[in-house]
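Both of the next two complexes hold chain A, though its partner changes from chain B to chain C.
Up next, the complex of A and B:
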């Protein structure tokens, strides 16, 4: 139980590090002077000390939405697969609940965007609604096919099963679903081919547009929510699609887990540095690829058993 | 004449749960209605006829109450016959519902050998000896699904439901559609059992298409009640997916999975009743206060109508299937029964069901988008019109109705185990397996799927966790004593006004553009430009109109086809005698020429000559000169 709680605290604590790490690598590749890896914490503490300005057009939704954005994601952290051996994990909660909780968080984020009566908020919400609607089917199909290989729909149990018996027979469908999930990771977290988290340009921004009119502690909470969402997806990818390292002793297993997270970050940073942001109406093509891979994974599993 | 078994009991409970809050609401709504007697007579007649349908024991009584239900609801649509639209909607509804009635009548006439005054159990014997059970099945689903509003028989629904007064829309969408599904349960289980595999697949496909079509058209609507009516189509589709899976599992001898899927269907029937009634009540309150159904004229109503806004939010979360709401639980069950398809041995079916999963998941995603739009545009932001500015909270009777219905929604979430136990007992009495103890093997905290390695969800723990964490966060925020300041919206320095907000048309813009092939939107842009400038204009008006594809392709084109046929029949019947002679002459020529083919003396050269001769004679003699 102590291991369980401490891993959750660890995940919350390192979540801003990962996003700063991605930015650092990107800046390094593009010959800029990299920011500090602790920039996430700096931003957080700066925002925490600011006063909160609330728009006069807003309603009670703005006052509760930031908390409701964060709390489903914090709940998800309790349901993730274990990262060290012997830690307690919630074996029974399945992936629908997790996708549902993430959707709940997005739902309130979109309402928050519409609440301040600014055209930017509406724009962001509209785009986010469009993308997250198309993410949903890919997500569920991918999860379905992974759960078939792991032999369990419960996400925690699936992680453990994959780590103890790697599905070598089903390598093809495993790879297909891994590709599909990686695209989802990018799309759900608003990384570059889908959304650019650094930009504040109205033609491109999605996530930033929704939160343009909040500040102070509220903004800190929402930023924290987005970094936690990233670490949820990254650790799901690490546990389900890189299922090794669980059998070692606690410190080594932790090191391996963090190394896996860093590898994911590096992959994303390289991708971000080498591609341009897609036009909004090209994004469905990317998500379509993800859906097709999820279908392929299911079909190879059923028909070829590979 | 009447029969009150467990299935009737379930649907009576459904009707009562739907009616009690609705009564409060309907009486609160009464001052808004001019023809009060007409309205009240038909309102109560409607309620009684729905109860009559579910407790009738023979076909005659069933058909009587069914017809009474159609007629009273038809008159209720005509409560305020203000404009052409209303008359059109009522006529369309009348026509469609009677088309369904004719099919049901045919179904009963066939299976009763003409004597429809027999009990249902007697009908089963005759039906089992009928040579073409699939014909019976199609009569039945045509009759019932035209009432339930499944694709392609759904086209009347987005017209008819919005035109009725709001309490009636709530009843029609929430309860009446479910009565049609009661018929599905009653006659498929009691009379047409056992089913071939294909029937289940048909229901599954109809369900998958209905759910997608419903939600897509809901997104393009900006009339709030039409939006909700389209969502009814979607939810009927979701219920049919579960029902179809139940039928498929039953024919494949997987009794546990089948009972699980049927429970999911019943649970979603209850859930949809609760949240859809609540949504229609909320929409009715908004409509009552602002006198418009157009969402573009709402905005900012949460400030003046807090009760409506909060109950609407509960219903919106539930219909979007977000955890831990009741809508999520039933949709979770439906997903689990779809995922259990890996137990099926038939490869084609196994490969088809992922498409249903895809449809259901996409529906879920789009429903979230749609309700963010419905809620955000209606209740958040600035007032978009003076009507919205002067809106106030509705009277206490209407508020009571909405709060009661919200309590029904919440009870379906909190008391899910009790409801599921009840549904399970119903299915046992219908001869299905007992799965309650498989769904809740370790008490009420965890809900299991009955498939091997199925998923588990724990709604109560989730709810407690979410509420706990949220309150902890809010508490921490309060403890920080953060300084708050209220100031204008920043919006990158633009001036914010009600005209600069996103509209509902704009919100659905990306989705509408992505699905252009389906919507085929007609866009109208009128700009009055300043002379000599292309970009400077004094006024601009943009309107987009989406014509339902099914209506255009199936119904309007059927009408056009009939018109064209009748035109040509008329033309042929009114030729001059000279032309008839010419046609006979040409036929003779054709017979002579084609003789060669039959006597195997065919050659391309003569064929070419003969063709030319035929064309010339047709042109000269039959068609003649242009006048």
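Up next, the complex of A and C:
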């Protein structure tokens, strides 16, 4: 039990670190002076100590929504596959539950954007709805086909099964679902080909547009929620698509897990540094590719057994 | 491992159908041929067939290095249009490609019972044949059509490797020679259409 809770606390604690790490690598590649890796914590403490101002036009939704954005994501953290041997895990939770909880969080984020009735908020919310509606089917298909390969519909159990007996026979469909899930990871977390998290430019922003009107503690909570969302996707990718290292003792397994997360961060940073942001109406094409690969993974598994 | 390589082969093919840039298409052709050559070498080592290893190595050198280089050189030399938007929109491709895949997977099932080979290899190579036909159909320009033709050859080679565990070496060399001749003809085609294409 202690192991279970402490891994969850570890995930929460290192989540801002990963986003700063991505920014650091990107700045290093583009010959800028990199920010500190602890910038995420600094931003958090700065926002916590600032005054919280709420617009007069808003309803009760703005006061409640930040907590409702954070809480489904915190719930998902409890349902992830284990990262060390011997830790507890929830074995019966399937793809629908996790996708549903993540979209519940996205729903309240969209409400928060709409609530202040500014034009930017509504624009950001409509864009977010547009993207997340396309992410969900692909995500369900992908996680489903991986859990089929692992022989169990529950995601936690699937992670354990994959680590103990890797499906050598199903390597092709495994690869397709990995490609699909990586595109989803980028799209759902608003990384560069889909959304640029660092600009406040009217034509490009999605996530930033929704949170323009909130300040202080609420903003800190929403930022924390977005970093936790990133670590949910990254650790799902790490435990479902890089299933090794679970059999070692606890410190080594933890180190391997963090190394996998850092590898994912490096891959994302390289991708962000080398590609330009897509036009908003080209984003469905990218997600369409993701859906094709997810579907391909399922049919390759079912029809061919490969 | 060979499942992994075949998966990457099909994945690069599908991505190249969605591509709208010429150099990106040449890059995906390069990755596609690289996977094919590695697969040939890998299967050759597995079944102890020296001829297959040799033809895999020739594939690596010829299709993965020389042909992409020549294509890129030619398209630079003749200032070909680099933006090649597919005629079939991505929204339709998203439906069309899985439909083709399901169709060919079910078609290939009786064939794979006839041959004593891995069923998934044969179905994936037949489906990649159909996908390369789409790649050739959906473009108006010469260069992507030629890349589609070369990818078609890759798919045939994959079928040859997986269905028979290695074609005869002589046939392989004949195919390679054909491809080299094709490259020469392509050079002429580019020269004619280079100005307006």
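What we mean here is this: the second predicted complex is superposed on the first by the 306 of 306 C-alpha atoms of A that agree within 3 Å, B and C clash if a C-alpha of one lies under 4 Å from a C-alpha of the other, contacts with A are read in each partner's own complex, and residues count from 1 in each chain.
Here is the rule we go by: contacts are C-beta pairs under 8 Å (C-beta built on N, C-alpha and C of every residue); 3 or more make two chains touch, one makes a residue touch a chain.
Keep in mind the model is a prediction, meaning the values are calculated, not measured.
Once the two complexes are overlaid on the shared chain, A:284 sits against chain B and chain C alike. Counting residues of chain A touched by each partner, chain B versus chain C, the larger count belongs to B.
In the overlay built on the shared chain, the residue A:179 is in contact with chain C alone; chain B does not reach it.
Contacts of A:170 after superposition: chain C is touched, whereas chain B is not reached. When the shared chain is aligned, chain B comes close enough to touch A:57, but chain C does not. Of the two partner chains, chain B and chain C are each touched by A:295. Of the two partner chains placed by superposition, only chain B is touched by A:129; chain C is not. In the superposition on chain A, A:303 makes contact with both chain B and chain C. According to the touch criterion, the shared surface of chain A, contacted by chain B in one complex and chain C in the other, consists of residues 284, 291, 295, 299, 303. On chain B, the positions that touch chain A within their shared complex are 300, 302-303, 306, 317, 320-323, 328, 332, 335-336, 339, 342, 347, 350-351, 354, 357-358, 361-362, 364-366, 368-369, 372-373, 375-377, 379-382, 446, 449, 453-458, 462, 465-466, 469-470, 473-474, 477, 480, 482-492, 494, 496, 498, 500-502, 506-511, 513-514. In the complex of the two chains, the chain C residues touching chain A come out as 1, 3-4, 6-8, 10-11, 14-15, 18, 90-91, 93-94, 97-98, 101-102, 105-106, 109, 118-120, 123-124. Contacts from chain A toward chain B in the complex involve residues 48, 51-61, 64, 67-68, 70-72, 74-75, 78, 92-97, 100-101, 103-104, 106-107, 110-111, 113-123, 125-127, 129-130, 132-137, 139-141, 144, 147-148, 151-154, 202, 212-213, 216-217, 221, 280-281, 284, 291, 295, 298-299, 302-303. Contact residues of chain A toward chain C in the complex are 168-176, 179, 284-285, 288-289, 291-293, 295-296, 299-300, 303-306.
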